[in-house]
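In what comes next, subunit A is part of two complexes: it sits with subunit B in the first one and with subunit C in the second one.
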Partner chain A sequence: MTSISDQAGNKTKPWLSPDDKPIVIAGGFVLVILAVGTAYTLITQGTAPLLSPTYLLQQLQIGAFLGIVAAGMMLVILLGHIDLSVPWTIAAAAMMATAVGGPMAIPVGLAIGLAVGFVNGVGVAYLRIPSMIFTLGVNAVMRGLMVAHTGGFAPQTAATDLMEFLAGGRILGIPVAILVWASVSIGAIVLLTRTTIGKAIYAIGNREAAAYLAGIRTRWVIIAAFCLCGLCAGLAGTLLAGYSTKAYQGMGDAYLLPAIAAVVIGGTNILGGRGRYVGTLVGVILIVLLNSVLSIMQMPEAGRQVIYGTVIIAMLLVYGRGHRVVN
Partner chain B sequence: MENLQIRLRQNAGILTAIGIFVLFYVFYNFNHPRGFAPAIFIQNSNEVFTLAMVAMAQTMAVLLGGLDLSVGAIMTLVNCLASYLLVGSPLQIILGFIVCMAAGAACGFLNGCIVVYGRIQPIIATLATGAIFIGIALFLRPSPGGNVDDDLSWVMTNDLYEIAATYGFFDDGEAAWFQPIAWFPVPLLLIILIAVLVWVPFSRSVTGRTVYAIGSGEGAAYMSGLAINRAKIAAFTLGGFFAGLGGIYLTLQTSSGNADIPQAGAYTLNSIAAVVIGGTSLLGGIGSAIGSIFGALILRTISFNFRIFEIDPLMQPLFEGVVLLAAVSLGAIRVLRVKNTLDLFR
Partner chain C sequence: MTLAGITKRYGGVTALDDVDFACSLGSVHAVLGENGAGKSTLIKIMSGVVQPDAGVMTLDGRPVSFARPSDANDAGIVCIFQELSLMPDLTVADNISIADPPRRFGLIDRRAQHRRAEQLLARIGCEDVNPLLRVRDLPLSRRQMVEIAKALAKDPTVLILDEATSALTSADVDRVFDILRGLRDDGIAIITISHRMHEIEAIADECSVFRNGRHIDTFAQGSKSEAEIVQMMIGREISAHFPPRPPPKPPEALETALDVAGLSWEDRLSAIDLSLHKGEIVGLGGLDGQGQKELLLGLFGVLKGVTGEIKVAGKPVRLAAPADAKKAGIDMALIPEDRKTEGLLLPMSIADNLVISSLGALANGILVDRKALQQAVADGIDRMQIKVGAPDDPVSTLSGGNQQKVVIAKWLMTDPAVILLNDPTRGIDVGTKQEIYRLLRDLAEAGAAILFYSTDYEELIGCCDRVAVMYDGRIVNELRGDDITEHNIISSALNISEGTAPEAAS
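Take a look at the complex of A and B:
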């Protein structure tokens, strides 16, 4: 986790490269959360359930959905864009997957995600509309389509067995959702570090004009990144429908801001161009554990929101600060 | 003449917004069974006030080239605070107003300090502070409720005649000279007053010009010796103040406080849409809060039109989405005019 990355350029070699510092600090904070939570349960109940493998696996299983969304979101943020259409992409994928049912359920869910991502990509890359507002509009359209489709109620259709297995099943005691998340993660790491399109994503995030002049087909890279983000949201939606056995209105709302927060806490620059996937992984785990420990402490929603915001600001104050404007 | 042309070109965005609004609104009134009547006018301006304020708040961050994801949260926080304070003796109510406005401004000030001294990007800093503000709002109002002076909420959501009649000004509002303006809706008057007395002086001050300069090019603004830190903090503080005004009005309108997270999110997202429709560039440096008021008016007028045409309620979100997407896609016309591809990358 602390190895010097190739992307950082190996210039002067401080004890931690700028790209690794967020990952180490966020990782340390994950341990702090676990320690505080364990101390709390030891004092109040005399047991330490937080350190049991069952608990940790369960948390990772819950985190898998957020993790998959965050993986796609990271690709888009690395470009210097953002995808605000995630909430209703998740819900649309879940609703259509359960509505179709049968063996085609999962392909349909993924196709919905891909299609939304493609529309986003075209709007941003070809029409040059700021992603912030275009994806917001697409989100509104998807919401409208789903309300018209379902009549504003939770659809009665149920998830297929395969969806339920992927989201809630276990292989050798390991939740399948974690395995899905792991495959997505490996895909993201390979994409970002070993392929030309990965390098192109970083290049566009740093300076799009330079990337264009260097011969990168920037428009196609942007469309591809948005497609992958939509695909991840579609996958997360399909899995979520499997996890709760059905789709419902607003099921994706709780995933947008935490996904952005996880990516940023992991050290990815919100303006694009730099950040490592491992950071996003640590960011997701941090957010999931923080939520879980706060609910073990029976913290009311109000306190949770305050702590959540404070943690994001505190983490960014430590390592996410921009440069002073000097010229 | 040439001067006029330049001014027209500079204000093309806001003029388009005004044009679209007038078109939509006249269309709405023609088709309304009781169109062009003061009652409709009052009802519409009530529904528009809060969004107009939140959109003005959003404009401040957008002009700097950032985005403020906490405007809905500040509105909600002040809404919850005001549901305790706008009651009692006149002095207490006035004090309550001052405390609520100060609270909104303080939230904005906090945002500004984190952005300037913490050097964190506005979008992510306000994402975090938004969570904190919502948390505080939930502390204040774990469940919806509140107590607001009845007379106050009645007159603030009505026409000028009711103010005079309720508080006994101008012979209970019957004075002859008062009649020509007595029909005017209070919220609309307040929007105009806030725009003229707060926004216009600010945008013409050195600090206001600095906000525009930062949005156009922060480095250049710094090298020109402008006080960029002060301008950023001032912009966010003013944004918080506007959002707080929206929260106060929401309290008067509903007579209660409600720490409703989805509602806060919806206002934040609508405010971004209103700002863009109002002709302000998301890249910063171009636009005005007055344009955003018209953006908010357009968004609301679209829903007014849905109501009278009795469009299937289930289709309304779809129509709203399509209209929003189409409105923002108008910005793509710029792409057609670009001759050098490199000009696209700014």
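Take a look at the complex of A and C:
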């Protein structure tokens, strides 16, 4: 099977579909991380805290913010685009939500995300500016607006109780943030597999011209995907403000690259067109656990960065060999 | 060059089964067969794109094996593939010399490259192509000529043409054939694949027929009749080439489906008047690049800034996008020119491709109804008799003819009233072509209006009730019924003055 399947590529029937393979590999790697971390703690401390439900729930709670951002990012990457405005969309949503306060805090945070997403979508779909440039510009604009808004100082506002509950509260022992992430995930799965717009997103990511000629309103779909990505970033920003009880400059900076990495590790093609949402979930969990285990192992920051980057590149190398484009 | 016992399997599918094949220097060898018969695989093996699972290849009596296409090129085997292999954003000159540009002090010598391109283009009679133009800006037929020039630049001893003439106009084909004859007389072995029987008659010395991965027979051109050859290719009797044309309806029975008045676009279309009636197949003829494609795209809402009036079923409409043309009440469909880049989403599944244009109709509220979707996919495959393994396989695994059937089936699902086709039979096998002709006639009889552009005059003559011949963005002549002859189409296409042209349709 091996030599023939290498040459024949997609003509053979592999035991795993090409979309599932990265998910299985990433899932396996999650187990490896847990095993290595547990072995380390067993040797040094004689306990296995990594396998306790408390630890895992806590990690998922931290992962929820990244997971929500990654869900939105995935829609845009599936189109063959990218959204680099996520960091300051998160920060802007958090700052405006805390500044407004009261019952309107969360709607305002979400509206900020939606508005930024809409601007991105129009820029990419109608003005035809490459998303990498346009969203980078929007990110800078948002940053400038927020600095002007706060006068360059840390904002003196606090998150509302509801925001704190959604980000840090628990229902029956389960962090609410995980439930929010789960709802977003279900929404994303339904969107991608069961709706017209989901199919259209894949179609555009594969070949926009063919999708357009098939009678898909490609511009609307692009705008919708960017809106949803912005909305997710706005939601993540609002929750993050609740989690840390306040908003601050640069609070979204740590989410851009991990979100893209999670999507890509989950098997979504960075050029668009293919990928499954479950992969993105696994990718988020992998990144969160990797970070956590490295910090438990008291790896110095420099070493953590090197390992983190190496893992991402290594995973993509593994996928890349199976994904080679044939004709 | 000889091949002995060549076998190639793709997974469970045997593409070539114990094939023996030989071609000799100084002759033109035509390889015939339906799509999926193994012709393309044969060529890929000879040119080093894929490696055989078993068998030996010998060149000049020495056994050879090619690990990659450049090995085959070095051995003098050059292939012109059916899919164009030019870089659209590079200039013609860059493309021609891309594998081995002339160098000076280690840097590319642009002037030498330019000269070389000019010489090669002149050799194939394409002096009109400026080597400094980007390939993207050339029409398809010119690109194909550039492709041929690029192959000649490699000084082949074995030249393989895989459907290399399918995008060319008749005048270009004649020119290419003259060049090929010249090359043959210089002692080059030429292998050609074509679905156009008259071209094979014109150029081939020997023919080999393939069917289902087996080499059926090799014979000298002319020793078998066309019917016998077709019989060998498809392995079954075929009754008629084209379905019979129904007698013309009286004018009062005609119902107008699409009415176009004064349609213009930039300098490519000028004041086009055309009406399509229900139940009618109208052909678009003329030389390549006279505005036929633009007319189809303009009708389908793809082009921006189209002026003039389009009426669908008597109502004026404004179409800003294909999505508008697809809407209920307008119900247009366009089978685009290039199925690989415009018609299909190649990596996606057959099922996804089939329903992509009709998802809105299959949605139940927001959610797509899975049962209805599966049913629609099964119906589409059934209706067009598409040969598929599983509907979830990528559409790229299908042969060319079956891929085109997917494109057509996709649009039939929207129940179109006006069907626009842009050269739908290019590069597909005889059997599938006939199925498509039959289908067009059936659709017309069921009440659809069909506008059909083809570069193959035989198709226009055999299929159409009426042929509008275009020249320089205008419709110069409309032929009906028995006036649709090759002579009339060509003389209109060349815009020969009214005196020598046949009586125009009144």
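Assume the second predicted complex is superposed on the first by the 307 of 327 C-alpha atoms of A that agree within 3 Å, B and C clash if a C-alpha of one lies under 4 Å from a C-alpha of the other, contacts with A are read in each partner's own complex, and residues count from 1 in each chain.
We take it that a residue touches a chain if its C-beta (ideal position, glycine included) is under 8 Å from a C-beta of that chain, and two chains touch if they have at least 3 such contacts.
Because the structure is predicted, anything quoted here is derived from the model rather than measured.
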Checklist entry - Which of the two partners, first being subunit B and second being subunit C, lies in contact with A:P130: first, second, both, or neither? => result first
Checklist entry - A:G46 contacts which: subunit B (first), subunit C (second), both, neither? => result neither
Next on the checklist: With both complexes overlaid on chain A, does A:G102 touch subunit B (first), subunit C (second), both or neither?
Outcome noted: neither
Next on the checklist: Contact-wise, after the overlay, does A:Y202 reach subunit B, subunit C, both or neither (first, second, both, neither)?
Outcome noted: second
Checklist outcome for this item: In this superposition, the partner of subunit A with more touched residues, subunit B or subunit C, is B
Checklist entry - First (subunit B), second (subunit C), both or neither: which does A:V141 touch? => result first
Next on the checklist: Once chain A of both complexes is superposed, is A:I260 in touch with subunit B (first), subunit C (second), both, or neither?
Outcome noted: first
Next on the checklist: If we overlay the two complexes on their shared chain A, which of subunit B and subunit C does A:G215 touch? Say first, second, both or neither.
Outcome noted: second
Next on the checklist: A:L271 in the overlay: touching subunit B, subunit C, both, or neither? Say first, second, both or neither.
Outcome noted: first
Item to check | subunit A residues contacted in one complex by subunit B, in the other by subunit C | outcome: 209, 212-213, 327
Item to check | Residues of subunit A touching subunit C in the complex | outcome: 4-5, 7-8, 10-13, 190, 194-196, 199-200, 202-203, 206-207, 209-217, 273-274, 327
Checklist entry - Can you list the residues on subunit B that touch subunit A in the complex? => result 67, 114, 118-121, 123-125, 127-132, 134-139, 142, 218-219, 222-223, 228, 259, 262, 265, 269, 272-273, 276, 282-283, 313-322, 324-325, 327-329, 331-332, 334-335, 341-342, 344-345
Next on the checklist: Which residues of subunit A touch subunit B once you look at their complex with the stated criterion?
Outcome noted: 82, 84, 123, 126-130, 132-134, 136-145, 147-148, 151-152, 208-209, 212-213, 250, 253, 257, 260-261, 264, 270-271, 300-310, 312-313, 316-317, 320-327
Next on the checklist: Which stretch or stretches of subunit C touch subunit A in the complex?
Outcome noted: 9-13, 50-51, 53, 300, 302, 321-323, 325-326, 334, 336, 341-348, 352, 355-357, 359-360, 363, 366-368, 370, 394, 396-397, 410, 414
